[in-house]
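In what follows, subunit A forms one complex with subunit B and a second complex with subunit C.
Up next is the complex of A and B:
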């Protein structure tokens, strides 16, 4: 039997990790909820964000906590461009084309990363002094990244809830036609949504780079993990995504501890929830 | 019969000359091991495996409209089940279990089909995007579990298959025999899929693809036809995996079950033309050329500029990048693929020539309805997403 202390530590670490999973999944959830497109390249965009932070740190010594903003900016522009240049041509024409475009994009991102950065695992140091911080068994990196992730999730929620643009996004999600009649430029909203979604992936990637080694091949695994969170939390629900992230983070750590399987646990949770309750534990079925 | 006559792809396939071309192609392929080198035989065999993968995935995705991203899992399972049966000792099974290669390979396909049958009832509760990502997750679970079962699959060291089908006394190697088995399996894949697609089952699948609810209200049971397509598709994928494993004589959960096989299958089908029958055949040929030709071309370029290393990993990544770009461009700008391009070109040409043009290779033959040509084109369009809506 595993000692209680170790189990408690696994749960706490799982919660801390789950905050980042929630952030990573939020972008996927928004895009799915609002545009009805599963961004199959989401994990790969996360990988790109992670590498941007890693490369910036290596080149200039700037901490990934700042590099995160670079990753968000670059991926925001990338997301908007992706929507304007490619996806706008195929969205609303059945599901095959968006799925395949994004699948192809994932392939391209993975291989371009491999060409530019080789297949070796890389990781980033947090790059800020930790002397003033001591919380017993809590890891410094995990705690800081958790706080940053949860703040970003809260900001995104507030943005959607309280700004005019956020309201326009939610209106578009509920009924694109009605939104258009109200004078909302839905094409612009879609581009903005994909931009925000991919920027959130970039932020999560920069945070994860401080905790785990990153290779060009991590995209698929993070895609499935974040999708598990989305399914668990319910599509398009910000609080649901946060809860889903925490659950998956804890489940993974406990699965690792007791069963020796880490990735299989989140995949199995994902499949079971998908089959038993496809609208998610807290979800509304993508209405909002 | 009239329904079948007007089937979208009646135009080119029913042409006698095309049937003759198919026979010639099979005969030409049969001559490959006799007339060419071992390496070229292997290359053509790989192409045949991709024909099997492409045609089978196209039945599920192109006709029934279910975008599965888990095709690799069925390919890999077929390979492993067949390997366990020809080389039981590798997985710690008793030697008495050993079966001849031909039987083992068929059982490999059947095992994949059985898994698809069992999973089909569950996984088809997911629709659209959920189905796509559900199959991706399923394939990932299968890969991880198989990788973890070291005693059964050899883990990351892989599994060596002990088999020698070479005929003593005659210059026919093991690879040649597997080549002929693969050729026969490919013909079977194409033949069976063709008869399904041309028959009422194929029409039902397309109905489910175009509008599941409408199909259901007209008495077509969507679940039944989706599972039908899934099981047949998985059988041939498993068969392809089993044969490929017995050609290379070495399989590995990390490569045989890897998502790469799904990606390659997608490239084959999308380049050739999704939801068209001939598409995957063209796509497989083009893909083999790309997959083998691009690295050679890239390596030559790398050598020319004396680029450092020119490593195979780099060249690999570059050619995969090109493939990724190609499927994005094709699915957006040429959703019917090469077949669509060829068909469009031929059909417009002939229509321009007038309905009485002799030698019109459309189903109705010379003098038939002059709209037959354009109609076929429109139907070909509809087999990718319904654009008219």
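Up next is the complex of A and C:
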């Protein structure tokens, strides 16, 4: 019999974790929803962001909360360059070609990280004395990273909702041809979207480095988890991604607590949602 | 399969023709030189060729260099002390069982291999073992505590000079007995990875510790590869766990301790078998990794049976005078001592003769004196299963007690996080 207090802790810890899952999945969801590209290298971009924060911390002592901005900047440039140099040539050529390119990129990133940084697991300390705050049973690191993640998700939603560029991105997502006829430079929008998507992956990586060990091989497992979040929340939906992340985080913790299984739970949810509600909780199913 | 059979045939063919050639040459020498000229020099003995794979890249890469160094120092010693040339052919298995099989296939196809040495972890060692059993070649493996394959897979050629689950349990009990009775913790929690070895080790811990009067207040399973231990931590805290025992992967162990720190909870005593083995433990956790106990086969602080020789060779070969060697250097060096003593006792490179020596002899290595059961397990109760503890960035022996300066008095209890 599980004590009520332990169950409450599991739910709260799951919510805190779910916020970061949502941020990690948001970039994947945007790129998928707007560009119709399944970014198989998304988990590896997250890994790169994590390593940037870790290396910056090791070299200069700067907290990953600041390193996160460096990771976002570097990965934004990387995403834009990736779209301009590689993906632009294959987007619109069918679903297979971008997948193959991005799968190859994932392998390259994994092996470059392994060669440069070895296969050892590395983590980053948050760099803020824990004595500053007493949050009771709440983990200080999880609480801080949750707040940062949710703020970033909210800013992304506001950007898409209230800026002209955001409106152009949404217009491109709905109908690229119509958007072009309305004078929107869709090539630029795609580059910007991939840049934002990879920057969000970088931010999530920097935050996750404070909670979990990072190795060059973590990309695939985060890719699977973020896929589950995206499918649950609905492709391209920012609020859906947030809800999906929170649900997956709580479900994993409760699955662990009551069944002894954690990762299986997110994959089961992935399958059930695909069967029952393929458009996800808040997705539009392409009717928007 | 056909490829494997071809490589065996080639090996036996080479050995057969080599033996015939030597016999013919010896006969000729006898004709021409007579009795005085017929003596055997060390160069006349067949060379001993050993195939080995180590994880120099991939998930276990942090351990690859340590294993290699132990093997190389052993090869060096064997070349000095055996009356035959010893060639060690080492390749990177990339921490992957399939790559390991391919590498062993490549080595045995291109060399007349007499023996195989294993890699790291149950996953890789059992893959190497399966290859060796198929080839009918003697196989030695460390970092392989799982007993069940020895009993159920019909091992005939696989020998593990390494503490097994039952030995680890004995060492855990011995370590607990270092604590005075009045202070000794009584409530045990076991985190069980969902693997065969996880269940086996957890079962030994629960049975033996319960029999000795400890109360197992928590035994919970977790998924290998899990990155969130917060639920297990909450449950351990709620159950009043004082001694926490588990055998996670190195990555899992590091994550778990990080999350204990985040949650502000720690047991009084923590043993992470295999999880706390690599030096990456300290580089990832630093002071947060202190107090953790491990049972890696060999720990700085053991004495006798070639330990000083190991240290001297290490200093001279690698120009490294570190006070505390990495634990897997000693573990793999111990394996080379078994190999040497088996070949000496067999006085032959015939696989069957080496197998008989492994089954019949007693071995003295840096981890103690022991023999093997027919299924390759170290005989019960003979092997020293040293427990080490992370302290000031080094792994140091805490059990059994020795008079070495490199040993450490058990640091107990673990200090609360806010006092560290």
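In this text, the second predicted complex is superposed on the first by the 285 of 288 C-alpha atoms of A that agree within 3 Å, B and C clash if a C-alpha of one lies under 4 Å from a C-alpha of the other, contacts with A are read in each partner's own complex, and residues count from 1 in each chain.
As a convention for this text, a residue touches a chain if its C-beta (ideal position, glycine included) is under 8 Å from a C-beta of that chain, and two chains touch if they have at least 3 such contacts.
This structure is a prediction, so every number in the text was calculated from the model and none was measured.
Using the contact criterion defined above for the overlaid structures, shared-chain residue A:119 touches subunit B and also reaches subunit C. Look at A:151: by the touch rule set out above, it reaches neither subunit B nor subunit C. Once chain A of one complex is fitted onto chain A of the other, the partner contacts of A:263 extend to both subunit B and subunit C. In the superposed model, A:178 lies in contact with neither subunit B nor subunit C.
In the superposition on chain A, A:37 makes contact with subunit B only, not with subunit C. Touch criterion met: A:17 reaches subunit C, while subunit B stays clear of it. In the superposition on chain A, A:90 makes contact with subunit B only, while subunit C stays out of contact range. Once the two complexes are overlaid on the shared chain, A:272 sits clear of subunit B and of subunit C alike. Touch criterion met: A:104 reaches subunit B, while subunit C stays clear of it. Where the contact sets of subunit A with subunit B and with subunit C meet, they give residues 114, 118-119, 221, 261, 263-264. Considering their complex, residues 61, 65, 67, 69, 122-123, 125-126, 128-130, 132-134, 136-138, 140-141, 144-145, 148, 259, 263, 266, 270, 274, 313-314, 317-318, 320-321, 323-328, 331-332, 335, 384-387 of subunit B touch subunit A.
Subunit A meets subunit C in the complex at residues 2-3, 5-6, 9-10, 13, 17, 114, 118-123, 130-131, 137, 139-142, 211-213, 215, 217, 221, 252-253, 256-257, 260-264. Against subunit B, the residues of subunit A that register as touching in their complex are 32, 36-38, 40, 86, 89-90, 93-97, 99-101, 103-108, 111-112, 114-115, 118-119, 220-221, 223-224, 227-228, 261, 263-264, 267-268, 270-271, 274-275, 278. Put simply, subunit C touches subunit A in their complex at residues 57-62, 95, 194, 220-223, 225-228, 230-232, 234-235, 238, 250-251, 254-255, 258-259, 262-263, 278, 280, 283-285, 417-418.
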